[in-house]
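Should a chain be cited, it is by its letter among A, B, C and D, assigned in written order, with residues numbered from 1 in that chain.
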Amino acid sequence: MVPEVTTPADSTATAPSEPPRRGRALRSMLVSREGSIIGALVVSILAAAVFVDGFASGRNAGFLILDIAAIALIALPMTLVIITGEIDLSVASTLGLTSAVMGQLWVMGLPLETIVPLCVALGAVLGAVNGVLVTVVGLPSLAVTIGTMALYRGLAYVVLGDRAVADFPFSWTGGATAPVPGTSIPWIGVLILGLALAFGVLLHATPLGRSLYAIGNNAEATRFSGVSVRWTKLWLFVATGTVASLAGIFWTLQYGSARADNAFGLELSVVAAVLLGGVSIFGGTGALPGVLGGVLLLGTIRNALRLADVSSDTLSIVTGMLLVVSVVAPNLAARLRSRRKPTGPPGRR
Amino acid sequence: GCGGTTRGSAEDSGSSSGPTTEADPNATIPEGLAISFLPKQLNNPYFTYANSGGEEAVAELGGEYKEVGPSDANASSQVSYINTLSQQGSDVIVTAANDPSAVCGALQQAREAGSAIVTYDSDTDPECRDAFVNQASAEGLALVQVEMIAEQIGGEGEIAFLSATPNATNQNTWLELMEEELATPEYEGIEVVDTVYGNDDDQKSFQEMQGLMQTHPDLAGVVSPTTVGLAAAARYLSTSEYKGDVKLTGLGTPNQMREYVKDGTVEEFALWDPKNLGYLAAYTGAALAAGQITGEEGQTFEAGRLGEYEIGAEGEIVLGPPTVFNADNIDDYDF
Amino acid sequence: MGTQPSPAPPPLALVEAAKSFGMVKALQGVSLELRAGEIHALCGENGAGKSTLVKTIAGVHQPDEGHIEVDGQPTVFAGPADAQRAGVAVIYQEPTLFPDLSVAENIFIRRQPLGRGRRIDRSAMRAATNRLFARLGVHIDPDRPARGLSIADQQLVEIAKALSFDARVLIMDEPTAALSGIEVERLFAVARSLRDNGAAVLFISHRFDEVFALCDRITVMRDGRYISTEPTAELTVDAVVRSMVGRDVTALFPKQETDVGEVVLDVAGLTRTGVFSDVNFSVRSGEIVALAGLVGAGRSEVVRAIFGVDGYDAGTVRVGGTKLTAGRPAAAMAAGIALVPEDRRQQGLVMEMSVERNATLTRRWALSRFGLLWRRAEERAARTWTDRLQVKAGHLSDLVSTLSGGNQQKVVLAKWLATEPHVLIVDEPTRGIDVGTKAEVHRLLSELAGQGMAVLMVSSELPEVLGMADRVLVMHEGRISAELSRSQATEETVMYAATGQEQEGSAA
Amino acid sequence: MSTPVTETPLEEHGGGDPRSSRRLRQARELGILLALVLLVVITTLVNPGFLSSQSIDDLLLGATLLTILAVGQTMVIVTRCVDLSVGSILGLSAFAVGTLFVSFPSLPIVLVALAGVLVGAACGLVNGTLVATARVPALVVTLGTLYVFRGIDHWWASGTQINAADMPEEFLGIGRTSLLGIPLPAVIAVAVVLGAGWYLGSYRSGRELYAIGSEPQAARLSGIPVDRRVLGAFIANGALAGLAGVLYAARFGTLDATVGTGLELEVVAAAVVGGVAIFGGSGTVYGAALGAVLLTTIGSALPILQVNAFWQQAVVGLLILVAIGMDRLLAVRTARRLRGGESSGA
């Protein structure tokens, strides 16, 4: 599948927009996109620490991490999916369905030790459904996952209806948000870091990761190079479903409430964070450190602005602007550069 | 001595404050209390109006008023705001919960950090807050709505409910109580045939109303215990062929319903005064923070122009009986 | 330019134009005059800047220096629309069709005949399309979508589109690369009649027979620079090649005699319904087998099925005696097959990745240690093969899309040779490649065979087939119609078999 | 290959069915129509009240907004873009209309409605400028402006609500009057569908939108003013979302900052169900409009069919999957036919 929603602009405008410069490609990539996101993150953390009362405290850091936990978790596999030129909009619904099933099973009297693995398996199945529809049937993932987004959310309501299940044992709900002893960083932060490391190595330093970029750039040529594009994508969707259901389990325990409408609308936040992190919606480019930076940047700015008593309207405007600026700025910069020098980026006036 | 009086001291005294300590009915309410309102959703007209009462009360008390909240009615976004308020060391958090349990953990943490927690409009689990200011007793509201619809349809016929979201705490309680009431022999002739949910979304409520009319041709009346639902249903009826034949009542605001009362679509509906709700919630919070009350049953406190209130079972404080609005009195209200 | 000025100023001229892409100087001080009533050829190696020149004239690129003159007047083409208004029609090297639009609309986009109220007059458009195809002697349904047209048909639609402009200047960038002999002849007839009606035509091709048969003057470019312009009559192929390459080129088909060994690849009863059926043949180590036939005979489909990117309905493929799983390129690679596909942009390369990563894409797992890829090893592996094939690239980390067509083809070869295959399948290995590179590719193929590799070559160029192959398999309409030994294979025997006539020359 | 030896029959080039693509499209739209008819028939059999004039009116009115939005979205999607901000645009425009009535009660209705459309067009201009001029992916830009426009809406409304009583009776009447027995908003929607369909099908610039979505690179080479066309599509879509906002205000009467939240994916779903290829290049506004009507009809038929309300969303999801699956099936069959044209002799 080619990336479905592309601008009419030349492909060169969207793929790495800078002309290839001398020197290490990786380094220049870090300098340009991921670097600027991480730079922006550092600047905003420093600014918030200096100017916003109550930001620079361990307790607040804990709040911040809990706030972004679900988004950060799902953003990891989503990054890989988007790099291959696909997208999964059903993640929030997968989370909701997992939550609903978890609640229902708990009501039916199963122990959580059994429920959790069942729910993870459910996530894998839901991801596999997306994957099969995309790879075997050959449908565009944007359309498929808009469909399963409605389907899974609907099934969540079918399972749990309008009820909320909230009597999970405190040992689990409290445990989900408990900090690592001696710090104020919640356990989930450590889990995210571990998963991020795993996904990062997978993407950036393994043969599999390499083929993900190749698929995103040109799936056909990658298939001609002996990569099973279908299987790769199928597994990515399975991974995304699995992680989304992990996030669902965590969400349910974090808020101590299993509901069908949990995390409604979260998919757009996840996609926004991934794109902010420098992943191209057309696939083929992007890096995991950038995505983590994007997730943290969004979380930090929202946290700091809330502490500074900035209203939620402004938060929403700032989030949107950040996303727009993050894609427009590099393009404008490239244009200005090309105007100064006669040698422009390829294929553009 | 109990409770923080300023930000700094609130943080210092930390976990020592809380409902377990003795109440001192004569304690004075200190100046400069930080009282923060966290509605279900910011920019929701109902809460804007209710919170204006809160602001009035905080001004009378000489405190610092603040209103924050998410732009979507989500429990998870509310949790972020509770954490923020707790981090800022707010003395009182007045909140309406989007989910009775999901906000619990955060509220308890805030309490441990020294904030007094008051819920209004929608309660949480009782152990997560110090007091709940109830707009009207659930029984009172259920009763008045049942009486209104029974009278309008002449005590006989099919009725249906048009509610808010399927998991809205208070709406569900009222529905339950209304069904109980309708099951008594007095209302033998009335049958509840359906309950639909408009999600407090105008368009959805409108469509649900329209669906009700088609599914149940013999429908005599509809009760909508939510302001959005009632207004949408009234608008549907006012232009449909069912106007006048199908009775509609429930809970609504005078400004939204004025047109439909005047054109005869709706005879009567009820509501409390949300402004007084916010006002009372602010006073309750201040009394908690000052240590006048701790949330135990039987304690009393002064709530400004509203007079004295007593805490009921499980820390619940009832604002008073609902007001019934009709063509005679509707012009006396502006909210 | 030393030729005598024509009485009227030329309809289109490029004056001292320069154009750079980043560090690449694609054009440097190039001047070119296209005269009315003349067919002008442009020759040069891959990457010489021919297509860049075309795009500059077409308004796609703006020259960094120099300018364009229309009828002697300096003009600026801000975009393709400006060039079209000035009467310039272009057939680009890569087909530029809209797959979702009908063939007729593809031809007339932006210029659809209008009826009342400025509405598009569909029947007029269809009629006009049919008239154009009649002129080209082909029949393509004007109402069918362009999606699914074969490359040859796509090229024909492009040609029809260019003709529909009734342009004063017609530019054709390798229009014949995908066409068969008859279609080429028809195209030439049309080009000549345009010339006779006073149009200026610019023709680009790597096939010298075509250039010499069609063109009046030949301009040669090398490394982005203008070299010479001479009347065709005063030139020979050798002379052109010498100025293109800047030196003499050795034998084009350096066929080595080799010892033919065991059967390595064995294909039996291979069938894909509707595409090809009952294909049987084998290739031995040390042997070059050519798969010849007309465009559309199904040769590419057969090799794609062998390699596993396409499935098949019946038959078996064996490598060294073991049967291959159908539809699994990874299995084919593990068994030692490599496929250099015919469409290098779509199938051969990941254009937005670096040369290095393209070159190592097929060896990701082999190059990894403990499941991890190390830059150092990758770079070393990539350098080995790009150096051996003399890929001209500024840097291994440059995007492969910035290389010229020929160098891109070398990268494809590099990535497959790096897998050290037993069976090398090459599909149109020299399509769109200049003579110098072509000779190198041929030398390489023959050297590899000499080292014991089994080579299966799909090619539409008869001289290449005859010059390189130990054995020729000819396909016609999805079947193998003849198998010819090197001595039996001549232009006549191959063409007879390719067009489906039974011949006594076919031997088992 | 300079030596043609024999004549090959050239007539065989590019075989395949004439007009197969158009036939495919028609088959596609007929399919949705059939599903729609089937649904209506079954629902009516279960509950004859479903076909009462009142309920048909309700249905038409209900589908109006989604249809208009789907038409606009189609124009954007065929150019291979997407506009996720339509829900926010609709909300902003509706609130603008309400505010104008509150602030200037004497303004003529036509002027206010025009202002609503202009607010939408202005939002479309912002989207289009960013996408076409700054050359950034539409999905990212409109995801951003989804938040921005909604934020502006919230900030502007800041907790106020505009009620039916604040708007003139004649304006609210737009939602109630009918023309030849069809509600006026539905008439407007039909006019929008026909107008847009006519434009996209029969005018050069309309066809160029398809060309752009089909192959952007080729569109530039053909001299199509790609940026201008894409900008135009976004402005048209914005204006239509604005129009939908005006109609929303007229019909629902109650306006606050949350109007139209979450509509975007429903609109895209309607277009997709209607056979508009998410890759751009193909699909018609008629299909998209049918998709919108089908989705709305499902919404009102399921309660009548006594399908548990909780199943509704799941059914809509299934329907989307079936619709795109069917598209794929038809496409594969056509492709096979097109290919079979030449090699059927084998």
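Throughout what follows, contacts are C-beta pairs under 8 Å (C-beta built on N, C-alpha and C of every residue); 3 or more make two chains touch, one makes a residue touch a chain.
The chain lineup, named per UniProt: A = Autoinducer 2 import system permease protein LsrD; C = Sugar ABC transporter ATP-binding protein; D = Autoinducer 2 import system permease protein LsrC.
These numbers were taken from a predicted model, which means no experiment stands behind them.
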{"item": "C-D compared against B-D, more contacting pairs", "value": "C-D"}
{"item": "Distance from subunit D to subunit B - Cα centre to Cα centre, in angstrom", "value": "39"}
{"item": "Approximate Å spacing (C-alpha centroids) for the pair subunit B, subunit C", "value": "74"}
{"item": "Chain centre separation (subunit A, subunit B; CA means) in Å", "value": "37"}
{"item": "Sequence positions of subunit C contacting 2 or more other chains", "value": "79"}
{"item": "Per-residue multi-chain contacts in subunit D, two or more chains", "value": "150-151, 154, 158, 213, 217, 219-220, 277"}
{"item": "Junction residues of subunit B - those touching two or more other chains", "value": "42-43, 71-72, 197"}
{"item": "Touching pairs among all chains present in the structure", "value": "A-B, A-C, A-D, B-D, C-D"}
{"item": "Subunit D contact footprint on subunit A (complex, rising order)", "value": "2, 4-11, 13-14, 89, 133, 137-140, 142-144, 146-155, 157-158, 161-162, 265, 268, 271-272, 275, 280-282, 311-324, 327-328, 331-332, 348"}
{"item": "Contact footprint of subunit D on subunit C as seen in their complex", "value": "58-60, 79-84, 90, 92, 96-103, 105, 109-110, 112, 114, 118-120, 137-141, 143-145, 147-150, 152-153, 156, 180-185, 207, 209-210, 213, 274-277, 294, 296, 298, 460-462, 477-479, 491-492, 495-496, 499, 501"}
{"item": "Residue ranges of subunit D in contact with subunit A within the complex", "value": "79-82, 84, 130-132, 134-141, 143-152, 154-155, 158, 212-213, 216-217, 219-220, 226-227, 229-230, 262, 265, 268-269, 272, 277-280, 308, 310-321, 324-325, 328"}
{"item": "For the subunit C and subunit A complex, residues of the former touching the latter", "value": "20-23, 62, 64, 78-79, 307, 309, 328-330, 332-333, 339, 341, 346-354, 357, 361-362, 364-365, 367-368, 371-373, 375, 394-395, 397-399, 401-402, 415"}
{"item": "Residue numbers on subunit B that touch subunit D, as the complex places them", "value": "41-45, 47-48, 71-72, 196-197, 201-203, 206-208, 210-211, 213-215, 217, 228, 231-232, 235, 239-241, 255-256, 258-259"}
